[in-house]
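Down below are the structures I want you to see.
Each of the next two complexes has chain A plus one more chain, namely chain B in the first and chain C in the second.
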Partner chain A sequence: MIEIKNVNKYFDGFKVLDNMNMKVEKGSIYGLVGVNGSGKTTLLKHLTGVFKPDSGEITIEGEPVFDNPKVKSEVAYIIDDLLCLGLRNLEEWGKYYSSIYPQWNGERFSELIKELGLNPKNNLSKFSKGMKKQAAFALAMSTCPKLLVLDEPLDGLDPLVRRKVTKHIVDDVAEREMTVVISSHNLREIESLCDTVGIISEGNMQIEKEMDELKSDVCKIQAVFKTEPDLSGLNVLVREKRGSVDLMIIRGDIEATEDYLRQFDPLVLDILPLSLEEVFIYEAGGENDEFSKLLF
Partner chain B sequence: MFQIDVKSRKPIYEQIVDYFKELIISGAMKKDEKAPSVRELAKELTINPNTIQKAYRELENRGFFYSITGVGSFVSGLHEEEIRPSKLNEMRTAFMSALKELLYYGCPHDEIFSMLEDCGLKLTADQRKSDQRMSQNKGTEPQEGRGER
Partner chain C sequence: MMNSANYSSKISAALMRDNLKRYWLLGVGGLVAYLITEIFPLITNKIDSWYFSELFEESYFTIISIGTVVPILTAFILWHFLFSQSGTAFVHSLPYSRKQIFHTNNLCAILLIEAPILITGALLLVIRAAFGPIYGGDTSEIMAFAQADVMPYVEIFKWIVFVSALNFVIYVISLTAGLLTGMPLIQPIISCGFLAIGPVGVMIIEYMNECMLYGYDGHMKDLLIQMLSPVTTMDIGSKNGMKFMLIWLAAGIVLYFVAAFLYKIRKLERCGEVLVFKPTRPIAKYMLSLMAAILGGLAFYYIIGNNEGILFVLGALIGGLIAYIGLDMIIAKSVKIKGFVKGFGIMLAIMIVFFGAYYLDIFGYAKYLPEPEEVEGVSITGPGLADYYAGDDFAYSEDGVFNSEEETTVFLKGEEVIKEAILFHGDMAATKGVDFGKHTDGNWMYLLADGRVVNDEEYTSDYSEAVGDWADFYGTYTVSVEYKLKNGKHVYRMYNLPTNFVDSNSHMGKILNSDEYKKTNFDIVNWNLEKMDFDSLSFYLDYSFYSGNDGDSTTIVDKAKIKELAKAIKSDIEGLNLKEMVERGQNSGLNDMTLSFMINKSTKNNSPAKAVSYENTYEYVCNVNASYKNTIALLKEWGLVHIYTADDVRLAEVSKVEAVEGGFVSSKFEVTDPKLIQTIIDTGIDSCWGSNSIYVVNLYFKDVRNDNRMTLYYNEETGNPFE
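On to the complex of A and B.
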């Protein structure tokens, strides 16, 4: 569906995207995570054809995105704020959108704003921040996009609205195989919603994997051994002793790790897969002392 | 419908697999019963449809489901899952730690045996007798727990 190949981008001599690669399958919900300033928003703006890359290639279903109205009419992008184009209320926005998006579904739009409790005749300047986000969401979903790009969309929405929004997104993925790319700092949310994750750092894709694969690659272990075990057969990333309890982070297959440790007849052996948050702290923070402190 | 625990460290697809497994083992889902479609379940649980697809594939691989193209997934009836040794170990550990805790809190051995029998285990008279001997020289682990593995 989406392919980004070797994309570089400079802003005033500052390298924002550094040989960026990304691949998103059709019908997938892709989570993009990275620390502040790592290039998430810049990447999404390239993906939606707002920015032109200095070099490299960006295609959606084989077609380049930049300056391509045909592709762009099937992409919806929700940014932080609703742009003010001199349109007063949602009614006007709906009319405007219906004139540029061929797949515009006015019926759906009315239903969505009704469900979200937004008045289409009210002046947008009177909308709260959260209401503006909901308005942007209603507009985006009503264009029936093939690709929905969300830049920190759910942050700042209350849990009730969040549920409604997620439900609509999942519905469209299930019904029409819509593809979704989400960037967020809410790793719990990404973890529960996305099937694929990309972790970027300094404008470069560090890891791009299926969520389950990413999480099952590293595990956290709490164990008590009667005698010091020989751990030379394992890839131990971090180890710390707390009293008689051994805390370890081990890279490798969870079942194999368990079988290996069982041969030392541990009194206690708990194996936990890492949460995305923990994987993120490790991958983004590098191997340092902070890592173990943060994890335990 | 069941609740997905998004806070759990257990992957969501595994939670779905376990849920259906439980329904099938308990008999709540009968042979040849149609499972909800991926779309239905995705909408109902607000879960990524790809995750549900993955769970269904896993259930098929393990022989709990069979699918008919264009129709859906069905329960293939109860039959022995190919149990991985590590899974067995996991269950043994869970069983042993529960047993140890029961003994620690002074649960009478008789009760443990009747619980085993309630689960459908047939104990021979000999095993029963050895239990009584055990109860007399208190404190040691009952060997029957091991015997049942």
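On to the complex of A and C.
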């Protein structure tokens, strides 16, 4: 659905996006992670048609997004600053959106703001940061977009509201095949929501994989061997001995790894699941790598 | 609620509706301002005499103020989203194309700006239609104008066009300014800068030219200032005001498309920067720094520098440096200056080229003299020149109709006169390098143009040949030359010269004595009296020397006598020489007498070239003085004038005033010798200044007039007849 091909973007001679490539399937939830200044927000602004790439192309369902109102009418972008247009309350925003988004669903908007406990007549300047975020979410979801672009969507929301927001996103993806691109520093949030992950560093896509594939590619082994095993047939990323216990992070197919280790007749052999955080750390080459900054 | 959007349209109805809903107050504000300015005075009978000359003249500055503030504010508000990261990102993520945003926002802005003007204009038309011609309120004081219609339809339509165009142009300028910057504060600054830079630039260049170009006359300054900004187009009633505004309207339309292009290529990520387009940064930096350098140089030169050239250079360096550093910091939004040596090096190079070009006069401005064959006519004016032949010194247009708005320039034609005029101009241009500024307050401007500072001795040695003894020099005055070239262009020069320069110049003498000069300046010389018909001739009698029969003015209606007198004046003018004319100005006894010929218009083929035109007659005014011997003799013969002689004087009282240390002393005595009294009448002067020793003579006449006393003077120059 979304395809970003060889996109480059310079800010005053500084390369912010460096030959960026990205592919997002229709109906998927794509998590975009990267350190501050890695180019996430810039990429999202390209996706929403705000920025024009210096080179390369960005298409949504085969059509370029920049300066294309037809495509943009199917893209919802959640903004931080609801006061930027001078509209006073959610009622005015609702009317405004209803006039510019063809798929606007007023009933859904009413239901959403009711569910989130927002008064449509209250002045937006009196809303808290979290309330503004909820309001922006309600507006975006009510446009029934084909693509929802979220920049730090759950930041500043309480757990209850997070759950509601997440539920609505997942429901829309399931029911309408809405595509979602989320940028976040919170990897646990990405892990719980996304089915595909892209890691950006210095404006370049370092890793882009489905979540399951990413997790299944690296495993954590806890084993006790009678004799020292020959591990030369495995891609061991990290090995640490704690007494007789061997702790290993190994890249490769989990079943093949298990079969390989079993031939050394281990006394204990436990294969433990890795969290996304751990995957990033070990995939990226250890805790000293910049990806560790995402976690700590 | 569903919406069927038309994405290919240039205008988004939704955005338009939303903008109007949010910003309608701007339009209402504009309407209230115009109603207060233009309608309120009408409905409250506030029209008074100032409304007579130009209906909207009095409200002009209010109109300009409204027309500046409202468009700048409107552009700022409609486009404020461009100045915040979140705003610009959000608006451009909405389903609009840039084209739609641009045209819709601008259409909305123009509607908000122009609707109040059109409504006010329509109200004016309705008032005019309902009440008919509107006359001034206080007719008792302004009877002469009481029948004037102060609000004709054409003026109302002109107002609508002018004010609409002004507002549109300033809006487009503000829009462009907003697209050049990513910071809210900078938008109004750039807008005002665009409006001011033309006139301010002209004034700065004007001072530079005056300072550094010898012979620069600056006559184009006012016109350029009027041209170069919509807010200085000035008088909407004048031909130029409307013409310039229409040119600005055309420029505004072009600028609109430039703005569309700028918006299209504007990189939204540059929001927050002072100037979002990189190429504009050096242009702004170096251009404004150069202007500051000029201002710095002029300030040091005029205010601090006692007219020393080196202080101009120092002031320019300081002005340029401060402006460069300040602008660099503002543009980069940082106190750190990157690449100062290179940047200021470029600035220095620009300054050297600019000021060097002026100093060396690389375009040969000061040296320029036209070729005689290029010139169709030449006009030389200056204090005193008009007095030599005080003929047609009224303002006439070339078609003979009196026109107070335009000054008439009389051009001398004829090969010989043009050649002499160019030679005279060459003599004036050759004074470059002479420091007249040392001796008068008004002549500071040419020091740098002169290229050097000289003292009196140098002046004398360089210049005595041309103007004679330095002691004759008491001050300067301005002489202007205007060439009308055959290619339609005009060349202007102006010089400040010693007062005796013109008198001493042989080329000027030849010009003044030429028939061409007389024919050009004194239309009466060209009259074919046989074919002319006169209604009357009247003249004012100067009490000091000429005495009429019973009053101060006399009118002749005898057509034969009028023709005879005209013939006498012609012969006098043809017979006068330069010396007589020059001397005339020095003697009170040669005061002018103003003769008014009323010429019947039925003799169209022989109408004067320059005269005031009335319904049935032309009025030609001719000044005559005591040098006009034939004329005076005729008037005396007819008993219409009497020139005082010693016989008319009952008492001649002389006061001698001498300057002594700490003041003056005076002594008084009477003169009774008729010969001496006659000498006093013939040689005394009517004023004298700056003398250490003078004689003041009061002559009391026998006849009883309003003031039967006349005062004459003698000083060191005139000598005195009493010792």
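Note that in this section the second predicted complex is superposed on the first by the 276 of 296 C-alpha atoms of A that agree within 3 Å, B and C clash if a C-alpha of one lies under 4 Å from a C-alpha of the other, contacts with A are read in each partner's own complex, and residues count from 1 in each chain.
Assume a contact is a pair of C-beta atoms (placed from the backbone, for glycine too) under 8 Å apart; a residue touches a chain by one contact, two chains touch by 3 or more.
The structure displayed is predicted, hence computed values, not measured ones.
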item: Partner chain in contact with A:Leu269 - chain B first, chain C second, else both or neither; value: first
item: Partner chain in contact with A:Asp67 - chain B first, chain C second, else both or neither; value: second
item: Touching partner for A:Asn123 - first (chain B), second (chain C), both, neither; value: neither
item: Which superposed partner A:Ile79 touches (first chain B, second chain C, both, neither); value: second
item: Touching partner for A:Tyr101 - first (chain B), second (chain C), both, neither; value: second
item: Touched partner set for A:Ala174, first chain B, second chain C, both or neither; value: first
item: Shared contact residues on chain A - chain B and chain C; value: none
item: In the complex, chain A residues that touch chain B; value: 27-29, 163, 166-167, 170-171, 173-175, 188, 191-195, 211-212, 215-216, 255, 258-259, 262, 269, 272-275
item: Parts of chain A lying in touch with chain C, wherever the complex brings them together; value: 11, 42, 45, 48-52, 67-70, 72-73, 75, 77, 79-81, 84-87, 96, 98-104, 106
item: Touching residues on chain C, where the partner in the complex is chain A; value: 1-5, 7, 12-15, 17-18, 22, 81, 84, 86-100, 267-269
item: Chain A contact footprint on chain B (complex, rising order); value: 4, 6-7, 9-13, 38-39, 42-43, 46-51, 54, 84-86, 89-90, 93
